[in-house]
Every structure is written in C-alpha cells, then in structure tokens.
Amino acid sequence: MRFSDETLARHNANPLYRTTGIRLHSVFDGQAVSSLAPESSVCWPTPGQPHGGIVFTVMDTTMAFAALSNGEEGSGSATVDCSIQYTAPARQAPFQCQARTVSRTGRTAFVRAELVDAQGAVVALAQGTFRLFAPRAAAA
Amino acid sequence: MRFSDETLARHNANPLYRTTGIRLHSVFDGQAVSSLAPESSVCWPTPGQPHGGIVFTVMDTTMAFAALSNGEEGSGSATVDCSIQYTAPARQAPFQCQARTVSRTGRTAFVRAELVDAQGAVVALAQGTFRLFAPRAAAA
Amino acid sequence: MRFSDETLARHNANPLYRTTGIRLHSVFDGQAVSSLAPESSVCWPTPGQPHGGIVFTVMDTTMAFAALSNGEEGSGSATVDCSIQYTAPARQAPFQCQARTVSRTGRTAFVRAELVDAQGAVVALAQGTFRLFAPRAAAA
Amino acid sequence: MRFSDETLARHNANPLYRTTGIRLHSVFDGQAVSSLAPESSVCWPTPGQPHGGIVFTVMDTTMAFAALSNGEEGSGSATVDCSIQYTAPARQAPFQCQARTVSRTGRTAFVRAELVDAQGAVVALAQGTFRLFAPRAAAA
C-alpha cells in the first residue's frame, strides 16, 4: 500500500505535526519517510535544537506509518515499546527520518528508523514494536 | 540538591512545557516528579489522548532532572538512550510521572520512570541512560 | 499461581541453568526470584565476572517466569523484546534477580527486573515485553 | 583496524564461545561478523532453539568487537545498555550475526546488529551503547 498525496496531506494537517514541525513525505511497502523542521517552541533547553522527546516523536510516528503501510487501508497501530539512541547532537535542521519494517508476525511489526541531519549525519537510531489493529466499521 | 520553588517556576516557564502541558513539581536527591495535562494540540490521533511521543517527552525530561539533581548546581545533562514501554492506553489525564536515579557511575546516570494516569494505573515505563556535564563558566 | 518446590526443581534441572549457574528460587503472583552463581566457563573476558549476555540471560528467564505466573498452568511465553542497562560491574557473585510484572493486557505482559550483587548493589536493570501462549493440548 | 586470523583464533578459544557455540569470523572498520551454532545445552526450553539469552549473547559480543575495531589495539569495551527485539523464532541454525558501528562520539560507540537464520530470515535486532577503554599498561 502506498499513501496517495491526498492521504499524506490529510495526515500532515494534524495538530501535533503542526505544533512540532513534522511532515510526512511518503509511506509505502513497509517504509515511511518524514522530516522535522522543528518549531522554536519545541527547541528547548538548547535554542535551535529540538528536545529529545520531539526527536523521539518524529521517529515514533514515522515508524507507525511504516508499520501501517503493511496493513489494510484504515488500519490503526499502537506503539508497544521503543528504544532510542541519541548518537549526535541534533544541531543541523531540517532532519529527515527514514523508517523500515524489518519483520512482521501476525499483528506485530518490528520497525527501525534513523534520523539524519541536514548534513546527512545520523543523530538518532530507534527500533520499535508496533501492534496493528483491523479497520473499524465506523472509524472517524 | 533540591530545586527551590523559584527554580521550578523558571523551568516551568519554558516553551516546550507550555506547548505540551508538562509541569515539573519537585526535583530532589536523584528524583523528580512532574505532571502532564496534555494540550489538545498534542492529543493526536486519538482525541483526549497524548501522542506516545509526548508521553515519552514528559518521562525523558523528568528523568533528566532526576539525573541532574545529583550533580552540581548548573550542570547540564543529555539523554544517551532510552527505552519506553506503553503498558496501557493513556486515557485518563492528568498523568503523573515519577523518576528515580537507580545508579550513577562517574558522569553517567541510569534512571527509571513510571507514568500513571488519574486512576493510578501505570500507562508507561521508561529506563534511560543520561550523561551529566559540568556547569559552564558562562552558562545562559 | 505459585510454583511448587517440585516445579521449581524440575525447571532448575534444565541444561541452560546448569551450564550458566542460574537457579530459580520462587515464582508467584506475577513475580519471580532467581540467583546467578556464574560457572567459570561463562566468566569471560574478565575472570570471575559473568559475561553481559549471561547477566541478560538470568534476567530474561526470570522475567519470563514472572510473566508466566499470571497465566494458566502449562502456559508458555516468548520474549518480544527487552532492554537492559548495565549499571555497575558484576564483580561480587552470587547475584540475585527479582522480576515483577508491572502490567498485563491480553496476552502481553510488561515485566521489570533488577540484578543485585552479593553486597546488594544494583548491577543491571531490565524491562521486557512478553507474549503468553495458552497451554497446548499435547505439550511435550 | 582488522583482526588477524591469529587474533580471531585467540578470541574463539574462549570458554564462553565454546560453551555456547559462538564463533567470531571477522572484525574490521567498525564492523564484526560472527556465527552461532548453538550447543544443545543452551537450547532450552525448546530443543534445537537457542535460548533468547544466548541470542542476546552472540549479538552483544559481536557488537562489542565492532565497537572495539574502531579503537586502539588492546582497547577494552563495556556494554552500557542494549535493546533487543526477537522478530521471529530462532529455528534454523546456524545463525549469522552482523554488527556495525553507526556512530562514535569520544569513547561512546553506538552499534547495531542483526541475526539471521540459515534461510536468511531476520530473527533478532539489537542496538547497543558501548564504552571504550584505553589499553592498559599492564593488561593481563
């Protein structure tokens, strides 16, 4: 499943992405790509650098979409757990996140992601376990 | 070291906390306590529930302060890595986070945290590794 | 469910425990306690200190039993993922491991464990996600 | 730095590797490759399948050598923490482990590893933080 431009635009209008500066670029075949151009309100305590929690947020949501792209249209997902390593200071915005589903067994997907800065240096690594849910009859 | 009310108030005025709904309540002896009354802009994709990245953010920042409370006044900290488990849906705001330094060797602190909902149910567990930095001569 | 002395003895006879020096002491109500008196063959590269993989092994198996004690007799479990932090060198054998199920939703259990040395110092922290399986009609 | 055949042979003679069935194949430029042909004594509770702790052990030691290969000859390393995901049952021995240093800052190395079975399927993913130590004047 590949997300259409319309679907991407709909997701990109969500308030969390707008508040933090996240943007989803593509979702397809167990993968997803996004970017983070952090809003100044989430750059604390170091001006110009997104908080580690925001770095986590962009990676988590991108991994969730990577996991979802393996499911049926309209499926949902939940993060079971995730581990993140901060490999370098996140100094050079914007950042790009690439996530890839490594394995899926039943409704559980194992996904990895990297975040690189504008120079291409890896600033964070994550690996997470996601649980997929079937589409609901009356999803919003 | 225990943070004074003034120091807490100064930290609580930061833009990340205001944008997300985080508030630091106490920091002392390797421990820290905070709360999350999530702003609606970070409650996505499920209205009323903070995104998992925001759950991570409150735990990460609370653990960082727990680690810092063992250092000298004015020290800084950086998250080296962190693992989080989402043990239950985060439905019942406000949430309380308690963080505790389990061990410290040199400039590395190992910290654990729990997030409970308004009913006292554990909604997330985290354990992180933090690196402490000495106070700078000319810190902002 | 509490494991009887007979059940504990049966588990303690397994080849992995004998090869490494693990012993299960009690399993009850979502908790488990074990010890590690490491065999010299698993103390490498530092003589007298168990390899980090063996430290992980005792924590993983103890957490699995903690998770299992919430299930039906004869249930099985599998580790989905686990995160470990080595908080201090594992110098003072024997070690004791305590594991506790923090939360269980459906067939997924979230478990935490600590390993302390003979002096009571924490040498490792772990948190893992476990999947429980129903007893099989014809289990070996 | 690339390990010579002699150095590899010396490491492969260690008791932990012999007890478990681990063998180091190559170490070079921040990377390492090893295999696990698990001894029956570590295949428990499922005959023919290595315990999850042994799966962790081969990945941890391979990541440590990957980290070390960036240091000076004779350096030591210690695992600070590590996260592992079990993506599929480890049924088809022998297994191969590939580890790669993603980033290194000062004496801290961030390393990732994959374990694949004889069919090439990924059975486990790990990411760890390692601390490097300078060679000692009088190392044993």
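Letters A, B, C and D name the chains as they come in the text, with residue numbers starting at 1 for each one.
FYI, a contact is a pair of C-beta atoms (placed from the backbone, for glycine too) under 8 Å apart; a residue touches a chain by one contact, two chains touch by 3 or more.
Quick caveat, the model's predicted, so the values are computed rather than measured.
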B-C, A-B or A-C - pair sharing over half of the A-D contact pairs: B-C
Selected interface, B-C versus B-D, where C-beta contact pairs are more numerous: B-C
Chain B-chain D separation of Cα centroids, rounded to whole Å: 33
Rounded Å distance, chain C centre to chain D centre (Cα mean): 21
Averaged-CA centre spacing for the pair chain C and chain B, given as whole angstrom: 29
For chain D, residues that touch 2 or more chains besides their own: 80-81, 83, 85, 129
Sites on chain C touched by chain D in the complex: 14-19, 40-45, 51-54, 56-58, 60-61, 76, 78-86, 89
Interfacial residue positions of chain C with respect to chain A in the complex: 80-81, 83, 108, 129
Residue ranges of chain D in contact with chain A within the complex: 83, 85, 87-88, 102-103, 105, 110, 112, 122, 125, 127, 129
